[in-house]
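You will see chain A twice below: alongside chain B first, and alongside chain C after that.
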Partner chain A sequence: MKPRVGFFDFTGCEGCQLTILNLAEKLLDVLDLVEVVEFREVQGNCNEDLDIAFVEGSICRPDEEKRLRLIRTRSKKLITLGACADLAGINIAHEEAGGAELAMAVYGSDSKHLQGGQARPVSAIVPIDGRIPGCPVDGQEFLAILHALLLDRPTNLPAFSLCVECKLAELPCTFEQGIVCLGPVVRAGCNALCIEGGDRCRGCRGLVDNPRESSYHRVLETFNLSVDDILEEYRTYNLRIDEE
Partner chain B sequence: MKVQVPYLSRIEGHAHLVVDTTAGEVVECQLEVVETPRFFEKLLVGRHYSEVAGLASRICGVCSHSHTLVSLMATERAFGMEVSDQVTSLRRLLMYGEILQSHLLHLYFMAVPDYLGVNSLLAMAQSRRDLVARALRLKKLGSDICEVIGGRPVHPVTTCVGGFHRFPEASELQRLRRHLSKALPDLEQTVELVAGLDWPDFSHQADCLALHDSDGYPQFGDTLISSAGLQVPNSCYREMIREYVVPHSTAKHARINDETYMVGPLARLRQGFHHLSPLAREVADLQGLSPSTNNPYLSQGARLVEVLHCVEQSMHLIDHLLLEGLKYEEPVVTCKAREGVATLEAPRGVLLHAYSYDKEGFLTSADCVIPTAQNLANLEMNLRARVPQIIDEEPDIFQSELEKLVRAYDPCLSCSTHLLTIDRL
Partner chain C sequence: MRTTQAPTSAAAESSTWRALSRVEIDLFVRSMMTAYEVVGVQKKHGRMTMDKVEDPSELLLEFPPQVHSPKKFLFPNWQKLFRFSLGGKVYLEADKAAVPRVIFGMHPCDLHAVQVLDDCLFEGEADSVYRSKREATLLIGVDCLPDEHCFCSSVGTDRTDSGFDLFFHRADEGYLVQSGSERGEALLRRHAPQVAKRDEEAPLPLQVKPCEHQLDFAVDALAPLLGDVYDHHLWKEIGERCLGCGACTLLCPTCYCFNVEDRMDDDLAGGERVRTWDSCQFDHFTRVAGGRDFRSDQADRQRHRFFRKYKYLWEKHERTACVGCGRCSRECLANIAPVNVLNRLFVEEASPELKALPANEYQPDMVEIIAVEDLTNQDKLFRLRLNTPIHFTPGMFVAISIFGLGEAPFTIASSSDDDMHVEIVVRAKGALTRALHRLQPGDSVGLRGPFGHGFQVEDFAGRDLLLVAGGLGLVTLRSLLLSLLADRQSFGTIQLLYGVRNMDHMLFQKELLEWHGSNQLDCRFAFKEPGNSWGVPTGDITHLFRNLDLQPQRTSVAVSGPAGMYRFINPLLLRMGVDEEALFLNLERHMKCGLGKCGKCRINDVCVCETGPIFPYSKVKHLKEAIER
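This part shows the complex of A and B:
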């Protein structure tokens, strides 16, 4: 019997599910290898046991937490899909401003049912068996990790920083253009797509293991960034750093 | 009879459909939007203009290009910037790409299964491989346009205030052009499939709102036009559109002159009917669509018409860009402490962002009006009108007819909950 796979979404933009659907003919090949039994965006639910569950989005409310725990109990492996599930992503930002006041500001005084709750990564609620980072995820990386899961191999992510890929692609360094970039401390694997597009790295793939933060912060200080500016850089995707 | 559909599938975002009838009377009829609010308008406050569009993009994966572009345009409007024809053409092409990927995803993966009587198109990967392969190929046609222009199919990276960080190569545009013309046989089969579906016979008069686009069919424009004859510049949108909170939804509802209204493909088709491209017009005629069509189920037919329109217009636009030759332009930005309002036609209808900035270029307030939030009140009116017509059907048919009606609006709730008025603190 083919392994049974489900896709689930919580609080997020559903861009990661969309990226999977964009795999086009490669998705058809995937469908030859696995049986997709749940994918709410394009298919109904079944509530049966699963070999692999891919979970997109942050967990914000008690009902989401409950739904996630149920998915965990019926799944042999649970893999996070994208930055919201992996790091709580940009959903964390509204807490900085205070949830209840926010609801009041956006929806006015009839806002009792409009509490956002605290955005948490999936791993804060249930154990996970692997992660696919990115905002959105990279389709090729999804295929590589699915491949590893089906062969029962470890689902390793690149252990070097984005700068390595950027140099290999011979892209000019954003710092040399006077633009601050998170590349030196962020995990590679995106082929420096944003930098190639003329933008900078905002850290959607999370920090690399053991980032050399102190030397990176010294570089940022030469760009006249204050401690607050540096923390702000890390905040967009909720990257955890030592606040000293 | 009470019908409850928790976590309605094949829509973008999370909602429960609840319909309660007693002795043929509708007691309750609601689409309960349970998407967690994300308060995007507040997240944008305090951000530098160079970060705002990238964050706004994350409101919605399916409409990430629409949110990015309308955000950039609102900022440009605030700073009093004009962009070149080349930039406008490339942005238009990016929008065609997004509408294509959104409409084709919806038609094949969300709408068609209802009419073929299956739970999912993915489940047909073996039995109808040709159909599933075609659906995925066509969807990729749209995402390829987005990738070439925006740098990525979801959440673009090349776009910036004033234009683009990176412009596409001529060879990439030529490749897109070839893909578009090669897709014609697939499109023909799509027309055969969708135009052949048996839409429920139902009509419900409602006001329709779309943008006036001086270049033809509604896409970009600064004037909101309603089918009831109202015409308002987008900067005065608050005079026209009233948004309000309802207890059963984390998405706001909206009304014009106290009446519900519709935005999206059918509203655009009604207003821009005479500006449709030749193939699109042919497909509209084939399905009997006209400027007075008022069957909301036929939004699906209008979506099909727009697919043809976007394909044809994309080909013309690429030819035009190649003929003119692509030139790199360095965006020059001067911050101003002012307000700016911008509108565009996203796949699901009129999308508006209104910002104000301080003189250093940091955002001080944001307000966003989202297509699905505008449609929700009208959708509930449609559901109420539809229920008595099908009340005697078997429960599963009753439920499926109502689900079809919800999906005809292609509701995108991950967007619509995140938004709306900010009472300035």
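This part shows the complex of A and C:
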């Protein structure tokens, strides 16, 4: 019997599930390997036991928390899918900006339907068995993690920083242009997609396991960033650092 | 299968040189493209990178050193070792042969880097995956101009006459192609026959590259230097700066450490075992099963990188594994630059024999004059503030210099208890001493030293002391006296006999009066010339011995005066029963260098600046030149 897999989404844009659908032919290979029993982007809900649950989105409301706990109890492995599930993503930014003002600015007085609460990562509610980081996730990395799960191998992510992928791609360093980049402390695995596209790294894949924060902050200080500026850099994707 | 043979032959016995134009190079490349994949530096997406050449006219032969290294074609980051398929029996597929390739655009440092890779990967069980690529690849060198990160000239990789198949040198009009192997010659014959048939040109001399970044020492001093600095605090400092990003090793043209892993096909039916670049700077590099990390500290990782480049591989292959290309420092956000690191280690740690800097030991330290006092009409006392403490014993000397006028030795006049100041007495006699007399507090002079061997004051403990000074000889004995008085209770009676020409030549008059009036010592003076206000009897210093109260067995004697004085004083003292071992003479000579080298201060075969100028009589009595006869 093929392993049974479910995809679940909470607060988020569902872009990660779309990325998986965009794997196109490769997805057909996946469908040979597993049985997808739940996938909201494709088909509806059922309540069977699962071998692997992929969870997208951050957890914002009590009912989401309850649903997540139920998914956990019926899944052998629970893997977060994307930055919202991994880090609470950019959903947590509204707390900084002030939720009520934001709602007013976007929806005016017609915002009664909004039920947002404090955004939390999945791991703050239930134990997880692995993560696929990124905003959105990288399709190839999703496949690699799925393969690892099917072969019962560790679901390791690259342990090195994004700088590695910039060097391998022979991309000029963002800092060279006087632009601050989170690359030196952020986990590689995206093939420096944003840098290739002319942007800087904003940290959607989270910090490496052992970020050299003091060395990195020393570099930032040479670019005249204050402590507040540095903290602000980490805020977009809710990266946890030692605020010393 | 064992081989250590590198495919590119060493320097071609008869290297040929032929002129050709850029247009002919384009034709040559176009012709090669029919048989090889030609890679070279081109501008793509606004930056220069080495890649497959599609249009020969876009191939750049002059490009800056920051272009990434050609390592990626010989030892790529992603290298399939073999394929396997799962399901039932595991099936291994043999790999296809490497693509025949020409790398057109190897800077001299990168050619040297290939030699390092050869050393490491052909050693022992040769790496066949590397070898297949290496054998299928022809290397064409081009020249370069160093930038501010390059230090190839310090490690001898700024030029090469071997390790390439062809080398294109820029010439006044067009280029000169130099052959470096039979394969290179054949390449030229087949793909540029008109050039190969051409008359040979005269070879260009190998040019030394102008690098502004330089090691302060010879590269072969590095391995022994590093042996002494394993625990140096600099590693910790670098470790704290390092981001651990590994860029230094990824960009290095000689780093080849790798990881091996299985990458599955999408359908999980099979996969590849691949080799990927790894880095000693990464967290997982030295981690073992169970999670233990044998090199978890970034400082240790950085040290390992340096030791590997400059020590371990040097000792193994007698070739530095760093080719000075500067790629690591060029793209290091933490600005960790090998030249700076190594120069700092060298300056802080190098032992004197390692210091190859010319004239370093001859170079004085600039010290400030903080006080000048007139002792007589022709003698001044200078008090100098030292930059670093010195240890000396009375009788030792320093070399004082004024640039333009030279350097001369001066005995130290001050107490050895003060290690941050030195006093010297200068009599205006020659150009240097007259110039010294013109200096004021706040001015600086050069100082080297202290040099020589002085009085061992601690050996005088419990003994009576007789100090016999003639003329300027008092300067040395003042230092001794001050040191004795600083610990007065340790010694028996102290007597000072001072003979001088007249009152006008009498040094330290104020101090002498003070001492004379104190009960710390017995001072007696003799003036050679008649008439003085102190009521001192006229006569030479021997008069002072007449009614001397001396217990010879418990007395140590120090004599310091003009050369002629010893001739009379020594017999006198020995007749009184003073022990030869307890009679110390100050035999100053022209101690020019202070290092035992210049030969000017030798008394027969004894070097004064090394074993003197303070000698026990027993040590010099046999020396014909020691005492004026």
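Heads up, the rule we're going with is that the second predicted complex is superposed on the first by the 225 of 244 C-alpha atoms of A that agree within 3 Å, B and C clash if a C-alpha of one lies under 4 Å from a C-alpha of the other, contacts with A are read in each partner's own complex, and residues count from 1 in each chain.
What we mean here is this: a residue touches a chain if its C-beta (ideal position, glycine included) is under 8 Å from a C-beta of that chain, and two chains touch if they have at least 3 such contacts.
The structure displayed is predicted, hence computed values, not measured ones.
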Which superposed partner A:238 touches (first chain B, second chain C, both, neither): neither
Touched partner set for A:218, first chain B, second chain C, both or neither: second
Which of chain B and chain C A:174 touches, first, second, both or neither: neither
First (chain B), second (chain C), both or neither touched by A:151: second
Contacts of A:184 with chain B and chain C, given as first, second, both or neither: second
Partner chain in contact with A:39 - chain B first, chain C second, else both or neither: first
Superposition-derived comparison: chain B or chain C, residues of chain A touched: B
Touched partner set for A:80, first chain B, second chain C, both or neither: neither
Overlap of chain C and chain B interfaces on chain A (superposed complexes): 32
Footprint of chain B on chain A - complex, ascending: 9-19, 21-25, 27-28, 31-32, 36, 39-45, 60-61, 63-64, 89-91, 93-94, 97, 101-103, 105-108, 110-111, 113-117, 135-136, 193-194, 196-199, 202, 236
Residues of chain A that touch chain C when the two form their complex: 26, 29-30, 32-33, 143-144, 147, 150-151, 159-161, 163-164, 167-168, 170, 172-173, 175, 184-185, 208-210, 212, 214-216, 218-219
Touching residues on chain B, where the partner in the complex is chain A: 7, 9-14, 34-39, 41-43, 45, 51, 54-55, 58-62, 64, 101, 105, 109-110, 119-123, 125, 129, 132-133, 136-137, 139-140, 143, 151-158, 160, 164-166, 245, 247, 250, 252, 414, 419-423, 425
Chain C to chain A touching residues, read off their complex: 47, 49, 68, 77, 240-247, 250-251, 263-264, 266-268, 277, 279, 282-284, 298, 331, 333-334
